[in-house]
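Worksheet: one structure, shown below.
By letter and in written order, the chains are A, B, C and D; residue numbering begins at 1 in each of them.
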Amino acid sequence: MKTIAPDSLSASAKLLIHCPDNKGIVATVSEFIYKNNGNITFLDQHVDLSRKIFFMRIEWELDQFIIPDDKIGEYFDTLIAKKFDMKWQLHFSHEVPRMALFVSKLPHCLYDILSRWKSNEIEVEIPLIISNHPDLEPVARQFGIDFHLFQINGQNKREQEQAQLQLLAQHKVEFIVLARYMQILSDEFVSQYENRIINIHHSFLPAFPGAKPYHSAFERGVKVIGATSHYVTADLDAGPIIAQDIIRVSHADSVEDLVRKGRDMEKVILSRSIWHHLQRQILVYENSTVVFA
Amino acid sequence: MKTIAPDSLSASAKLLIHCPDNKGIVATVSEFIYKNNGNITFLDQHVDLSRKIFFMRIEWELDQFIIPDDKIGEYFDTLIAKKFDMKWQLHFSHEVPRMALFVSKLPHCLYDILSRWKSNEIEVEIPLIISNHPDLEPVARQFGIDFHLFQINGQNKREQEQAQLQLLAQHKVEFIVLARYMQILSDEFVSQYENRIINIHHSFLPAFPGAKPYHSAFERGVKVIGATSHYVTADLDAGPIIAQDIIRVSHADSVEDLVRKGRDMEKVILSRSIWHHLQRQILVYENSTVVFA
Amino acid sequence: MKTIAPDSLSASAKLLIHCPDNKGIVATVSEFIYKNNGNITFLDQHVDLSRKIFFMRIEWELDQFIIPDDKIGEYFDTLIAKKFDMKWQLHFSHEVPRMALFVSKLPHCLYDILSRWKSNEIEVEIPLIISNHPDLEPVARQFGIDFHLFQINGQNKREQEQAQLQLLAQHKVEFIVLARYMQILSDEFVSQYENRIINIHHSFLPAFPGAKPYHSAFERGVKVIGATSHYVTADLDAGPIIAQDIIRVSHADSVEDLVRKGRDMEKVILSRSIWHHLQRQILVYENSTVVFA
Amino acid sequence: MKTIAPDSLSASAKLLIHCPDNKGIVATVSEFIYKNNGNITFLDQHVDLSRKIFFMRIEWELDQFIIPDDKIGEYFDTLIAKKFDMKWQLHFSHEVPRMALFVSKLPHCLYDILSRWKSNEIEVEIPLIISNHPDLEPVARQFGIDFHLFQINGQNKREQEQAQLQLLAQHKVEFIVLARYMQILSDEFVSQYENRIINIHHSFLPAFPGAKPYHSAFERGVKVIGATSHYVTADLDAGPIIAQDIIRVSHADSVEDLVRKGRDMEKVILSRSIWHHLQRQILVYENSTVVFA
């Protein structure tokens, strides 16, 4: 599932932690790294005082670290995590995650992601694009990525999702980006990729969930429109928010203007969220995110 | 109701119009002003193509205008408005409107408005402040404005509102600003000041209407919070939006931080809306505003 | 030079005017259109009171307009423009302008423009891409556009620019976009395309003109960085500004972070400026723009 | 110089550190607090990789901390700071700093600060207001604060500054806020309050330093204007930037509009900077700030 660059000299480890708040967590974790000869290059911690939960993201250089990469998780879990009742994830800078894109008919987010990928703005592998419409196949071809069409109707949805899941597993896909994919995923599908499906919704959630948010925004006469990226949960448009942005509009903007202006936000916000995800900067707790960026 | 500055040399008239869209409206209106020797200093028009409604705001200098001020409305109505089925308002730059402030316990919007008024940032008369709590009386006194306390409970609301309305009429109040007034006005009250009561709601409407929006925003884990000023209608927090603004927040912000950061937005947005109202830049149509600014 | 869509039913004309301010301009122009059976769909005017200059953009439907398209300019000039000493431009909605892109090594603006073009977000023809480096030829090929390499050194600059100008003339190029083109154009070149070369500068001008603005911004410890699009004049980075945008940064951002975050602004601002240019929404006067958007 | 609230139960200490980057700093400092029974409620650290400097802000609860408040600095210096060659500051949540305001003729920043102070938005003592013009004395009186007039001309500047410094010392003033004070302080004066004088400049520095920035912005035709708060250094408008904000403007805005719109930014940015300063969130290094907020 991972590509390891074997001779990477400035490799680093990224550890994401959350646990009940307690005295001594920072001291204990930073000492673990220090004593084992790791050089901390990034440390951010946050205490949610209302929920009494401690969050931390810590990154350190591995080149002189005395614990081998494949043992760090085990040692950390045994020596520290259990004591503080931590949930943790460990990632390495030399892993290149594998991402699948789901699209329908609108090309702007797809183009934006593929352009960044092709230009090495984001380091990720994109083994395939899945769509429920044939429209964007030429874009996939333009960037040399496999395009898989799964047309979905009332009858075949479950079956098609099973085929998609099989394909994703086969390609060792680690996370999914819905780049204006206009089809609701079943709970069963979502549960396979918990906190690993990123969606872009074209409104400032929780305002205007569901279909046609720009039309609703126009009807309501708002002076600002937004876009929201979030992890997908069973509850539509209600998952943990990763990023949001807005632009100002006026009475002079038609629905078509809102759609046009909104596209720029959508693609930038979605790509920024992919960046945070790839940097392992996002922790999900209950229905919120901590984004250490 | 108005204070007229008799010798004002650069006095101007402001005409706000809306009507079914049609050919020749701009030509007809601008010719009316031009032929009668008015110099147009501002003209903005907008056609809502989806509703086929024409909106216009036009401002012209009066010093050589051949129709006397007190006849302009009559002439315009007879010669032009009827022909195009126009709704119109006429205002003069030398009128100083009279505004009442309604407050409860939070001082930030009140201080902001009074500071601007005292510094002549806004040209308005403020004959009185009305409150349902005694807390802000010292602020009113600090700025030398009459403070009227109307404590409201389940029993006396109708009676208190009647007394308020009487007081407002007596002071020839033209419009009302709810500067974080934490009491819902009855439909009966609102109907007396249609499109003349400005409220500030401390969320990005339509997200988080009702009470405690910052708490709701925190719970939902949003990355942006907002404030919305609007004209008050019978339907709570659903009236025509005048202005909205937002600020970015993060996981590191507690509810108290949201409240603190939100205050700055609230006061600036509310004061900006008062400015637009005083400049006669706002047209209301159905449940939206056209703000010619 | 233009592609005319012959059966376009909702064709419209766009007239941009500026002249010394005077009474009766709006009335005269709007009457000209009205009397000849044009339906005005957009009118915006602006008076620069400090310079006493009148600006106007007016758009009307041509389908029942009694003056033929190819005579409108002549009639308008004879009947109206001369009287008011107007400078004017007339454009038609059914013309598709021809744009050349100049690039060097950075792909983000190029990808953004080509993606929008390919997705029909912008209606424009792109006959060629010119570059002083071979790096982006694959991107041009990916989108099927001719790529012309003009390597430039101290000796050959004049000669290469002459060859470029010839190529541009041959392809009937109407305007040029410098999509992070890292080569200064000579005054002679610029004078051939006055107010028709759009550049993106990666700072908030007039702060940090010249090379490496993100490095300078980092050194200065700014909390906000910007991007500026402008028409190119002989004076480097000092031409009329079309659009600017900013993003917030903090002490935690390295120069590399500024570069990365800046890219998103640059491409969005540049593409937005191309949009305004294509919509004929921009008037240049002295060293400023009026953008009727 | 400080007011100590003796029975404050949730008192906390705030420690700001910078030093050459090294392994083990976080571990050592957090262990110092943990071992002595302090509960860390806030920790943020930042490594400036280009300058190889480590910055940290750490806050912990004092109620069970075993080192007495008045010994913490000594112990920390002996046991830790010397080893890492640290520069450090220690502050306590129960100290209330003393701030002097310098003003001239414009009231908006002064009103904003005094309103927040009066409403307990900021916890600070304001023993006096100093001005070079009599205009704002009524505002000082309105809020019950001593107003000292020091009219300054070519001859008396040095003498007046000496008198001001004496007055500031007498009132034990810890830091100074220039709330649109239109008089340049001498290097001698500035050196007495290094990194303790906050100024608001009404432009987006480094664009438009010096006098009349809104006029310059108008002349340049910018599409965004800004405001910058910074610590005052001998080099005018070139000190370490604390905060910046911007608003969008258009061709339709006159210089007067820029001034009006700018005021809202100026006062909000200045007050936000005072907040950061009071929270002890700002570290100055070379000519930049690290703002842990």
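We adopt the following convention: contacts are C-beta pairs under 8 Å (C-beta built on N, C-alpha and C of every residue); 3 or more make two chains touch, one makes a residue touch a chain.
Model, not experiment: these values are computed from the prediction.
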Partner chains that chain C and chain D have in common: A, B
Taking each chain's C-alpha mean as its centre, the one farthest from chain A: B
Between chain B and chain A, distance of the C-alpha-averaged centres to the nearest whole Å: 42
Where chain B and chain D are represented by their mean Cα positions, the distance between them in whole Å: 36
Shared interface positions of chain B, touching two or more other chains: 49
Sites on chain C touched by chain D in the complex: 46, 48-50, 55, 204-208, 220-224, 226, 240-246, 250-252, 254-255, 287-291
Residues on chain C engaged by chain A in the complex (per definition of touch): 107-108, 111-112, 115-116, 118-119, 121, 142-143, 260, 263-264, 268, 271-272
Residue ranges of chain D in contact with chain A within the complex: 23-24, 26-27, 30-31, 33-35, 37-45, 47, 49, 248
